[in-house]
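Pasting the structures in now, so scroll down.
Two complexes come next, and they have one chain in common, subunit A, joined by subunit B in the first and subunit C in the second.
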Partner chain A sequence: MEIAQIAVLVVISLVNALLPSQWRKWVLFVISLIIIYWLQPSLSIRWLDYTLPSIIIGISVITWWVVASREKKISPITALSREDSTSLVIILAIILLLTIPRYFDFPIALTSRPPEIWQVITIIIALIIILPLGSYLISFRWTAILLLLIILAFLIIIKSEVLSIHLSVFLRQQTGQDTGIASVIDIQWLGFSYVAFRLIHTIRDWQTGILPDLSLREFITYVIFFPAFTAGPIDRVERFLNDFRAIEKYNPFEANRFTEAAARICIGLFKKFFIADSLAIISLSHTSIDQALSAPALWLMLYAYALRLFFDFSGYTDIAIGIGILWGIQLPENFNRPYLKNTITTFWQSWHMTLSSWVRTYVYSPLSRQLLRSRYKNHVNIILLISTLATMLTIGIWHGITLPFIVWGLWHGIGLFIHKVWSDHTRAWLRRLRQHPGRDAAWRWTGVILTFHFVVLGWVWFVSSDLSSAFRLFLALFGVAP
Partner chain B sequence: MIGWEWLTRYNYTRSFIVRVIAKAGLLFLLVNLIFWILQPLPIIGRISIYNILVPGRERLPYGESPEAYNLSLYNLDAMFASHNIARIKAPDEFRVAVIGDSAVWGVLLTNPSTLTGYLNRELLTFEGKKIVFYNLGYPTLSLTKDFIFLEFATRYQPDLILWLVTLESFPISDQLASPILQNNVSHLQRLHEEYGLDLDMNDARLVHPNIWDKTLLGQRRALADWWRLQLFGIGWSNTGIDQQIRGFEPRSNDFDQDTEWHTFTIDEPFIEADLAFSVLSASKKLPTQIPTIIINEPIYIADGANSDLHYNFWYPQWAYDRYRDMLQQQSEQNQWNYIDLWNQIPPERFTDSPVHMDEIGSQLLSEKVMIVLNNFLNELKDTN
Partner chain C sequence: MDEQTVRENLRTFIVKDLIRDPDYDLADDEGVVTGGLIDSFSLAQIGVFVEQAFGVYIPDPDLTVAKMDTLNQMVARILRDIQ
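So, the complex of A and B:
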């Protein structure tokens, strides 16, 4: 997000605070719907920057349809509450209204290439007919599985360079555009990585019967809550609901909350637009890997890269949390001084906390439970290794389906496994060490330095475009000419 | 909020918020006012990590290219502070500042392959002092731009100046076309007054800052540029890269029959007053008398269609020949140290413009310049 876009979001949030409190839920719902179109970058494929946010809304509505309360499943149309019907009408109205700039010049165009209004209407009517019919033909259980597969398919496509290019070629063929210039940039789908994880979370919780009842307005606002839309955090729906349902009573100008919001936004802006952007100039990149003249120069650039990642991402999180507070939604923290942690386990408990918590809940725990029930149940370390590697691999792949990201995930997976085994073996020794504060502090700081460098060296995989350049970089960092 | 206890443990009040906003607002106004009064950008420009924490740049910052750790900015103090000419002059150093356009700066050339790069390889000495050449070329065509850099360079105690010129830098009408001049009106005004340069100070292209432009907020871009220049210094020192050298489209070799040059034709040609000879003369008025050698830089000589009418894409033959005659005459009249190297480099050594050369061309030019320099220094030794 640009600084001007953040300023607009802050102003909108402040204006909302002045509105009558009973309007706020609706305002947040509508604003979130509009903003996902506004934030979506322009794409060169015709209609796509309109279509992608529309798909997010569409898939979210369908997911809600599946995971909503039992009564709606029995009689979908008649069971719609007045609030749900109104929400649906608002969603359809916004989707249709956003096609109007195609016919008239508006000073603010939220989307650069909307399709014809009749095309959108046709798709909406088709969905309205197919979905209720489909719900009679396929059980919600299977629909949920189908939805999970669709969401995962979308996620895999946007995370894979090869598949993205194939999709770009396909879409360009459909729109009669030049396929020779198809590229990954054509499929820049803003926010979907986070939306996908929120949707999967709701579907899985529905499958296990722990998802609370949600109205359409609540569900959509949770999935596309605009401060967290582009870069998280990934909130849990039940926590979000508690805040959302109380926002009418919330006073955004209450001194403590307002101060916290303003401080978080200002600190976030400083972190992102001054510290991170300054570090970006000197940090390692695809191009600078082969440019550095010496090993110390590479280390300097690698440290800058590590710090830049932290300040960039945590800056965005601070801004999101700050804007969230202005709306009465307390988003979860994502970072807790990760580079000052003395073990790789505590690092992952304080780096992108909402992602790691999500993956722990939906990958690590079910997988290790499953393995504990299997024939490996007596091999705890094997179960631990497989579950940890699968968890970290998921996090790696979530960043992009490339070999370097996969190796980065494995790097951390192996690190976490070794640390777990090692800490199990040294627990008694560590307990004795705590009785000697000096030695304990020295040990802790050694741990901080070692953990920091393990993470920093892990970023080598993250920054490299392929494995060979990562290996070259490793050699160069240790003064070995490739 | 995990990790944010320092922020949440206090009980804030509305009056606290009002006080913070009021104080922040006042501080903001005050800083802007101070900035407006003091105009500290030149002083800030002189604060530099170059030549202290990282080596100075071998040519002036130019080009919006983060991948090459380079940018264009208008703060002359910051530009020169980032250059290696700003380092302390050694007692046994004979400092030569080389002024000129993009050919001197070295478009499409790495630093060691520029004219100064090759000249420095020769490890020349003069009266026991090591001759060090400094690349002060800058990629726009204007003698006034060259002069502003020349005048700035005198702060750094050069012992000799090599000034490479070409006809495209001479038209009076284009003297102010360079953005670096347009955004340095106060410098330009001073030069106009002190040296009597023939410039239209009411030219609409000149950027006269208003009150707003003089505040901190108005100069945020200039400040950000200064900051980026410092940060790029780390990348520059780590990599030695200051230009992205990619493929290029070769200079044209075929031309049409039209022989107009700027607004002049063979029937209504330019006269001396149309060219900025006054700027060359002004260099003689510099407070510190620094010997200057003016060199008419080599140009590409085409052999394609209508090459009997044109030397190259820039120059119809009549215009260039006339210019050379005029420059020769002016040099004799004003006793300038003038050398004409216009046809000294083979055409195949030119790259994307009539004056940009490849590495070999640059090396050949350095050999020619070295001969000129040796002759000049011998003469200088004799007079000393």
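So, the complex of A and C:
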């Protein structure tokens, strides 16, 4: 997000705080729906920057319809409560109203390329006919599995450069545009990586019977809550609901709350737009890799890159949390001094915490348990290795399906595995070491330095566009000319 | 199955199979993960042990450090589903 966009979001949040408290849930719902169109970058493929946010809303509504169902084979229209009906009407009205800029010039462009209104109406009518019919043919259980597959397919496409270009070519053919200039930038789907994980979390929790009851308004606001829409944090729905349901009693101008929000936003802006942007000048990048003259210069650039990543992302999280506080939603923290942790395990418990916690809950834990129940249950270390690598591979490809991201994930997976085996063998010794504060502190700081450098060297994979440039960079860092 | 049986079975499993120090005196309110005695992989092992020993399935989102850090928390969670 740009600083101007953040300023607009802060102003909207402050104006909301002045409104009567009973309006706030509806205002947050409506604002979030509109803002996801506004934040979506303009795309060169016709209708796409309108269609992508609309798909997010469409999938979210269908997911809610599945996970909120208590009885099978119900008609979704007659089963709707008054609040749900109103929410649905508002969603449809916003989707239709956002096609109007096609016909008139608006001072604020929320979407740059909406389709014709009749095209949108046709699709909505088709969905209204197909969905109830579908509910008679397919059980909600299977619809949930189908939804999971669709969400994963979308994720894989946007994370894969090759598939994104193929999709771009296909869409350009459909809209009669030049396929020769198809590129990965054509499919820049803002927020979907985070939306996908929220939707998967709700579907999986519904499947295991622990998802709380929630209205359409609550569900949609959770999935697309605008401060966390672009880059998280990935909240849990039951935690979000606690705050959302108490919004009417919340006073954003209560001294400590307002000060906290203002401080988080200011700190976030400073971290992101001053520290991170300043570090960007000297930090490593795709283009600057070959410009370093010596190994020490490269190390400096790599340290700057590591710090820049932290300040940029944690700064963004601070801003999101600060704006969330203005609405009465306390988003979860994403960072807890990660570069000061003394083991790779505690690093991952404090770096992008909501993502690592999500992957631990929905990949690591179920996979480990499944393997521990299998006939290979006695091979604990092999189970641990498989689960850890699968988990870190998921985090790697979540950033992009490329070889460097895959290797980066495996790098951390292997690091975590080695640390776990090591700590299993040294746990008793470490407990005894705690009785000697001096030696314990020395050991801890040695751990901090080693962990920091393991993570920093891991960023070499992260920053490199391909494996050969990563290898060259490793050699250059250790003074070996490529 | 009564609370005491659940508690002692679980304590024995954690001390013997996870901490691997049968003489360790594990307190009821001691943080086993936050105290560095076990890790998140051990929580998965506890999840499977609870399924097999007590017939209680703890969903993955409940198998976290925040919810399963002490023996008291674990026993309360298991008894909720046994009863």
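To be clear about the criterion, the second predicted complex is superposed on the first by the 477 of 482 C-alpha atoms of A that agree within 3 Å, B and C clash if a C-alpha of one lies under 4 Å from a C-alpha of the other, contacts with A are read in each partner's own complex, and residues count from 1 in each chain.
As a working rule, contacts are C-beta pairs under 8 Å (C-beta built on N, C-alpha and C of every residue); 3 or more make two chains touch, one makes a residue touch a chain.
Note that the structure is a prediction, hence the values are computed from the model and not measured.
Chemist: Could you tell me if A:345 is touching subunit B, subunit C, both of them or neither one (first, second, both, neither)?
Modeler: second
Chemist: Report for A:282: first if it touches subunit B alone, second if subunit C alone, otherwise both or neither.
Modeler: first
Chemist: Check the residue A:226 against both partner chains and state whether it touches subunit B (first), subunit C (second), both, or neither.
Modeler: So A:226 meets neither subunit B nor subunit C here.
Chemist: Which partner chains sit in contact with A:420 here, subunit B, subunit C, both or neither? Use first/second/both/neither.
Modeler: Only subunit C is touched by A:420; subunit B is not.
Chemist: Touching A:366, do we find subunit B (first), subunit C (second), both, or neither?
Modeler: In the superposition, A:366 touches subunit C alone.
Chemist: Classify the contacts of A:297 with the two partner chains as first (subunit B alone), second (subunit C alone), both, or neither.
Modeler: first
Chemist: If we overlay the two complexes on their shared chain A, which of subunit B and subunit C does A:236 touch? Say first, second, both or neither.
Modeler: Second partner only, subunit C.
Chemist: Once chain A of both complexes is superposed, is A:210 in touch with subunit B (first), subunit C (second), both, or neither?
Modeler: It touches subunit C, and subunit B stays clear.
Chemist: Look at A:430 in the shared chain and tell me whether it touches subunit B only, subunit C only, both, or neither; answer first, second, both or neither.
Modeler: A:430 sits against subunit C, while subunit B stays out of touch.
Chemist: Any idea which subunit A residues touch subunit C in the complex?
Modeler: Residues of subunit A touching subunit C: 204-205, 208-210, 236, 345, 357, 360-362, 364-366, 368-369, 372-373, 377, 380, 384, 387-388, 420, 423-424, 427-428, 430-431.
Chemist: Sort out for me which residues of subunit A touch subunit B in the complex.
Modeler: Interface residues on subunit A, with respect to subunit B: 253, 255-256, 258-260, 262-264, 278, 281-282, 285, 287-288, 291-294, 297-298, 300-301, 321, 330, 333, 335-337.
Chemist: Which residues of subunit B touch subunit A in their complex?
Modeler: 1-4, 7-8, 11-14, 16-17, 20, 66-67, 69, 227-228, 231-232, 234-235, 237-241
Chemist: For subunit C, which residues are in contact with subunit A within the complex?
Modeler: Of all residues in subunit C, those touching subunit A are 19-21, 36-37, 39-41, 43-45, 47-48, 51, 59-64.
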